[in-house]
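Labels A, B and C are assigned to the chains in the order they are written; within every chain, residues are numbered from 1.
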Amino acid sequence: MQSLGIDVLLKGSNFSRLLQGLYVALEISFVSVTISILLGLIVGVLMTLKNPILCFILKIYLEVVRIIPQMVLLFVVYFGTTRVFGMDLLAETSAIIVFVFWGVAEMGDLVRGAIKSIPTIQFESAYALGMNKFQVYVYIILPQTLRRLIPLSINLITRMIKTTSLVVMVGIVEVLKVAQQIIEANRTTSPNAAFGVFGVVFIMYFLICWPISRLSIYLEKRWA
Amino acid sequence: MKELLKVKHLHKKFGENVVLNDIDLVVNKGEVVVVIGPSGCGKSTFLRCLNGLEKVQGGVVTVDGLPVEPDKKSIIKLRQKIGMVFQSYELFPHLSVIDNLILAPTKVQKRNKEEVIREAIELLEKVNLVEKKDFFARQLSGGQKQRVAIVRALLMHPDILLFDEVTAALDPEMVHEVLQTMLNLAKSGSTMIIVTHEMNFARAIADRILFFDKGEIVEQTDDVKAFFEKPKTKRAQRFLSTFSYS
Amino acid sequence: MDKDILVSYIPLYKNALLLTLKIGWQGIGLSMIIGLAGAAVLHFKVKVIKNIVGIYVELFRNTPLLVQLFFIYFALPKIGVNISAEICGMLGIGLLGGAYMIETFRSGLETIPVMQSESALSLGLDKRQTFLYVILPQAFSAVVPGLTANIIFLLKETSVFSTISLMDLMFTAKDLIGMYAKTIECLFLLVVFYFIMILPVSIIGMIVERKTRYAEFGD
């Protein structure tokens, strides 16, 4: 049996290049997830305010995000903006825009769900103490929802990381792209490298996402 | 008289906690045994041991001479001889009343569906619920649900019926209709073991009283009237005195 | 936007949609079978198999579909497992979806109170009958929202099919943009066709959810 590509990864700087590719993907995820969580908090609160126009707009926004694949959004933003606005967005910028657009909707929905799980009487008793809407949210509601939200937001991080693998489609040199390059470059000497290299990429993603999702489950159970 | 249910040296523990300690009991055919005692005395657990919902750490339960063994296949046959009605009714919410009733007779006993339906309707008539036969559990009151649950147990033609605090979750005005149903059953000669907190009902229906405390049978008597007027043991006296305000 | 171009592209998109739907739904079917079987294994706590199911769920929930597909399509042939692109797409959706479906079904089963199975057991039903006639039908209504969400998620995930050269909607759009540079029209149709593919599922899901909500009402 011929070698299955692990040796290829040990050659030269191949493995560190793979790690660098992974780093690119992770960087995009973390930037996107940070912005998403912050904006998502605001959007989530807005959704509970019962303003009909706002609600309607946000509902459409959520439904669009729910139905259109992130990959399609990525294409629309990356290829579409160039045509419509004559802007030439960097692939990274497009990716972050798309993932934030998606992530804010997801986070907003989580926040809305968490706020809705707070009994109405909590709002009422806060209003009865003479607080205004802003104070009620800041002092009473958000602190209570935060506990519920932390595990869910951590879970959003793993989903963001997994989704970021799509950026290979708009030409960003991340881990999958690097993997392809390595396999390509060693085609003659190690024709079966695809197995080992893609296998390693598979394991890399698992090793990153798995602990994070365990943490999320752990916190969810502990704080339930 | 025929011995129907026999319990010998029954022991039950939850971890280190002894729940039932060396229980002996014989129930004859046609007898109505009422189990009373303070909460947490093990009386509900005792009922659950009788039809094998709980594993026991020692002793044997036999019904009609056959041992109750939770992990054996024979338990399926045995449970058909033992009907059980729960405090929380446990009607199946995805099925209508009639489908709740015929599920076990048709699927377990493989009886003819039309016959079972006919019998179910007869029984529903007896408890004045025949017009509810196509309703779902959520559309019934607590008392109605509990009567359906009793009919569901009866349709399996059990030799013995277990009632686990069946009125405890009901509004007071619904307790009566359920107890009346049970009194009628007793009159018709059913063998029943009833766990209850309704002392007047216990007094009216019981052929025998078992007083449980701390996992043991403290007092057991056929003289029901005497028990309620003057129990022999201190513990039973103290327990009964909590029901009077004088 | 050029209307004539839109009209002339529609048949191409329609074919792509049909292919995506075919492979997507085959994969979803597979995922539901895996999901039910896996959830039953976890529910009955079948020794050893339950651990294997656990590992499978963790592996496939914590890696991107794209990486899974690359592995199945490009790596497996190197150890002698050759799979056509269509089967690969179906397997990818099926395996990824299966991991999610197991979780959904399992948590659905958990929502049914223990007393329900006890009451079925005391009526003389055996474990299998209790599962089949009492637990499963009730769990179904608890599962509908999660099931719909999973199906939508999986249909969206089909958008990576183009990477293994399946001529799906993404592939078609990319191809047409590359050839004729009618970017706006192509992207517009791409979005519209995804709506056509997924909106009905979203609506049907809502209707089914409303119709099967009996188990949620108190009794």
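Keep this in mind: a contact is a pair of C-beta atoms (placed from the backbone, for glycine too) under 8 Å apart; a residue touches a chain by one contact, two chains touch by 3 or more.
Keep in mind it's a predicted model, so treat the numbers as computed, not measured.
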Through how few touching steps can chain A be joined to chain B? 2
Computed over C-alpha atoms, the centroid farthest from that of chain A is that of chain B
Using only alpha carbons, which chain's centroid is the nearest to the whole structure's centroid? C
Using the stated contact rule, I'd like to know whether B-C or A-C comes out ahead in C-beta pair count. A-C
Taking each chain's mean CA coordinate, chain A and chain B are separated, in whole Å, by 55
Mind checking the centre-to-centre distance between chain B and chain C? Centres are C-alpha means, answer in whole Å. 46
Distance between chain A and chain C based on Cα centroids, please, to the nearest Å. 20
Mark out which residues of chain B touch at least two other chains, giving numbers and ranges. none
Name, in rising order, each residue of chain A that touches chain C in their complex. 4-5, 63, 66-72, 75-76, 79-80, 82-84, 158, 161-163, 165-166, 168-169, 176, 179, 183, 191-192, 194-199, 201-202, 205-206, 209-210, 213
Chain C to chain A touching residues, read off their complex: 58-59, 61-68, 70-71, 74-79, 152, 156-160, 163, 169-170, 173-174, 177, 183-184, 187, 190-191, 194-195, 198-199, 202
State the interface residues of chain C toward chain B in the complex, per the touch definition above. 115-116, 118-126, 129, 133-134, 137-138, 140-141, 214-215, 217-219
The answer for chain B against chain C in the complex is residues 51, 53, 76-77, 79-80, 82-84, 86, 88-95, 103-104, 107-109, 136-138, 140, 145, 152-153, 156
